[in-house]
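Chain naming follows the written order as A, B, C and D, and within any one chain the residues start at number 1.
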Amino acid sequence: MLDALKREVWKQNLRLRDLDLVLFTWGNVSAIERESGLVVIKPSGVAYETMRPEDMVVVDLNGHVVEGSLRPSSDLPTHLALYRADPSIGGIVHTHSTWATAFAQAGKDLPAFGTTHADYFRGSIPCTRAMRPDETKAEYEKNTGNVIVETFQTRTIAMSDTPAVLVKNHGPFAWGKDAGEAVYHAKVLEETAKMAAITTMVCPNAAPAPRHLIEKHFTRKHGPHAYYGQSR
Amino acid sequence: MLDALKREVWKQNLRLRDLDLVLFTWGNVSAIERESGLVVIKPSGVAYETMRPEDMVVVDLNGHVVEGSLRPSSDLPTHLALYRADPSIGGIVHTHSTWATAFAQAGKDLPAFGTTHADYFRGSIPCTRAMRPDETKAEYEKNTGNVIVETFQTRTIAMSDTPAVLVKNHGPFAWGKDAGEAVYHAKVLEETAKMAAITTMVCPNAAPAPRHLIEKHFTRKHGPHAYYGQSR
Amino acid sequence: MLDALKREVWKQNLRLRDLDLVLFTWGNVSAIERESGLVVIKPSGVAYETMRPEDMVVVDLNGHVVEGSLRPSSDLPTHLALYRADPSIGGIVHTHSTWATAFAQAGKDLPAFGTTHADYFRGSIPCTRAMRPDETKAEYEKNTGNVIVETFQTRTIAMSDTPAVLVKNHGPFAWGKDAGEAVYHAKVLEETAKMAAITTMVCPNAAPAPRHLIEKHFTRKHGPHAYYGQSR
Amino acid sequence: MLDALKREVWKQNLRLRDLDLVLFTWGNVSAIERESGLVVIKPSGVAYETMRPEDMVVVDLNGHVVEGSLRPSSDLPTHLALYRADPSIGGIVHTHSTWATAFAQAGKDLPAFGTTHADYFRGSIPCTRAMRPDETKAEYEKNTGNVIVETFQTRTIAMSDTPAVLVKNHGPFAWGKDAGEAVYHAKVLEETAKMAAITTMVCPNAAPAPRHLIEKHFTRKHGPHAYYGQSR
């Protein structure tokens, strides 16, 4: 079942490596078929070299395995919490990409210092609060998802406007309308994190870009007034 | 029409990727044929992998499309403002290359810390002032070009002596006598930005190179007293 | 003798280069066969390009060459001290990998800033004290091993829980249940050192991850309650 | 004439690129045949892709071209000053490698923070004083060589013990017993400069390695008591 989606999720998992976003098996991509509510995700701890499309695991939105002989990624409950929170999300990526993880470890939001960032994210990429001991003890991965959702709600950020988050002391998650866009956003996040770190290195008190510039670039690429690219 | 120039512009756009100056479609190269006043530029948002020479768009100096079925790069009006401002410019490049963009995001000039810089740029590479809300709202890309031109005029820097600029909170533009030299300068800019960032990292109060050394190296490679290379 | 182990040690030495952990000949891998107490190690100063499996040197735990026409790595006595100190160690790696070496040169522990680190190391990776002049003068490499062992004993860190160390003003050693795991840990160490350096760059007073998060991630992958991967 | 040496110098120039030490044509390698006092050097401003062994230029120690139709590297007089100053030098390299150039631009010595450095350089790699305007105006490249020689004399450093220098606001030169060793030292310099920059980044007040450790490592690899490698 879902052969095309399994192939796509497999392909996007491999693309993580081609884009230099993962070391060893340190990342996972999933995608959802919204009609059936079925999610396809990478199996846990399997090497990219030997992984095949048919190794992808199919689960429902409660995390029950519907098809597949391997165990799903241990981060599955985090993915599911995000799919449940925003129906516009079609694909999710988790990595430990170097520069984005450094910001997560620092517990700092990634500021929108420039248009590279604002072309894809409508403001700072938030860093979650620390997980409490009780949240870590049981259902840790599900609670990770809940803390992400809480972060966007508390700070009134639309998950579709800013499709990435930094989990404190852990690393980034990114999403999009499908698995391919989620991987694309994960790469943009890593590149903008690198640019932001260097920005603060050459100017420790650098300020974010002005609001009107961020809005200009975001709406140049997204929404009814977009005029970038060919598809209009 | 302009088949050779279209092929050259196509080739130089691909070279951006080979020189590690662009991620995805984040850059564009144009060139001008001065006799006819026609400009050839990359189409907007087209992947480098599938782009062909015949996809290049031909426009006049007012931005009217003369040939081509695709929309030109959204940054076209910035290119045109620069071509109109200095007739010695034959090619222009815009990228979001990592280290140069970090300086643009910091809103800082790139100081001439050494001879690597002075071999190609006759002093600091200026960073523009911030764009005002009204400049951002309408004709944003054209105003970007105007602010670049204003920067060189206000600071009395010759665009042909210092063939690059940092647009505040955005990224670099570079130019040259043709598209190939513009790309070359974009790469030199990125490398000198990286060197400069590391220079300030190991010595926060590092000073620019003395004026006489900058002049020595610039004139060793440029103008009537040049003695570098074979072509004299 | 020990043909399979020699081939494995040879392969893991070459893998150091594929993982970008060594420049020129700046690294060495060994492995031990615990039944016989025989150790296989890379020869000293031999280029990776021309090195063959049969060039590996076999020594006993006192450092006497049992087989092999080449001299063993000059770091052999350090390896032997670690094999003698903890019988769970099956393979050892020494490199001068860039970011880990920088922490060693700074004389600083590598803090556990996040889960990438805690998935493999159960807390800070310790940096040894400086070697004294008398320890440097004679039996330097053996004393290096002794200082490593002393560091883990003094600070009551289990070598099997935190399988790496930074030798002050020198560089990292890493180990594991076999040569392959030792190389894997050497790469994780380098990546977490890079992440940690960038973490402190974007936030000079960044704090280590909370203890409960470190324990959660370490025990998620190690010990009786592990639930990561397929092999359970 | 000198066909074997021309081929070797050509090969070592290309190796600069393989070792990621040069961008475009930003480097040059020479070698000397001490019996005849003839020096072979790369031509000026020629692309690495098209350069052939027979393009190498042969000059005497006064800089007169003995063979070759192309102009020698403009840095030739600097090379010659070093060959004249120390008869143990057999090959010389000049690059603008990123991290070493950053230290040169900062005007700072490269401290011996660890054993990676001390295995090849017997203490800090000195940075020259700034060139005076009169030294820059005429015979600039020759004066560059003289300032390098002055630096080693004033600070009583043996050029054969510390085979590299940073020219202030310019970049590094490295040397060795032949062209291959000079290139090797240029790469070690770049790597140790990167390590040193990161060392100061994670610990701004990091101290150099103690003298006894530097001596231990240098003499482990050099001189009568060396015991590293196979060739003894």
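Here, contacts are C-beta pairs under 8 Å (C-beta built on N, C-alpha and C of every residue); 3 or more make two chains touch, one makes a residue touch a chain.
None of the values given here were measured: they were computed from a predicted structure.
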{"item": "Same vs different contact residues, chain B with chain D, by half of numbers used", "value": "different"}
{"item": "Size of the rotation, in steps of 5 degrees, that lays the CA trace of chain A over chain C", "value": "90"}
{"item": "Distance between the centres, which are taken as Cα means, of chain D and chain C, whole angstrom", "value": "33"}
{"item": "Set of chain D residues in contact with two or more other chains", "value": "196, 201"}
{"item": "Contact graph of the chains (line, ring, star, complete, other)", "value": "ring"}
{"item": "Chain B - residues contacting chain D, complex", "value": "113-116, 184, 187-188, 191, 194-196, 198-199, 201-203, 206-207, 209-210, 212-213, 216, 220, 227-231"}
{"item": "Touching residues (chain side chain D, partner chain B) in the complex", "value": "23-24, 26, 43-46, 70-71, 74, 96, 98-99, 101-108, 130-131, 133, 136-137, 140, 169-171, 196-197, 200-201"}
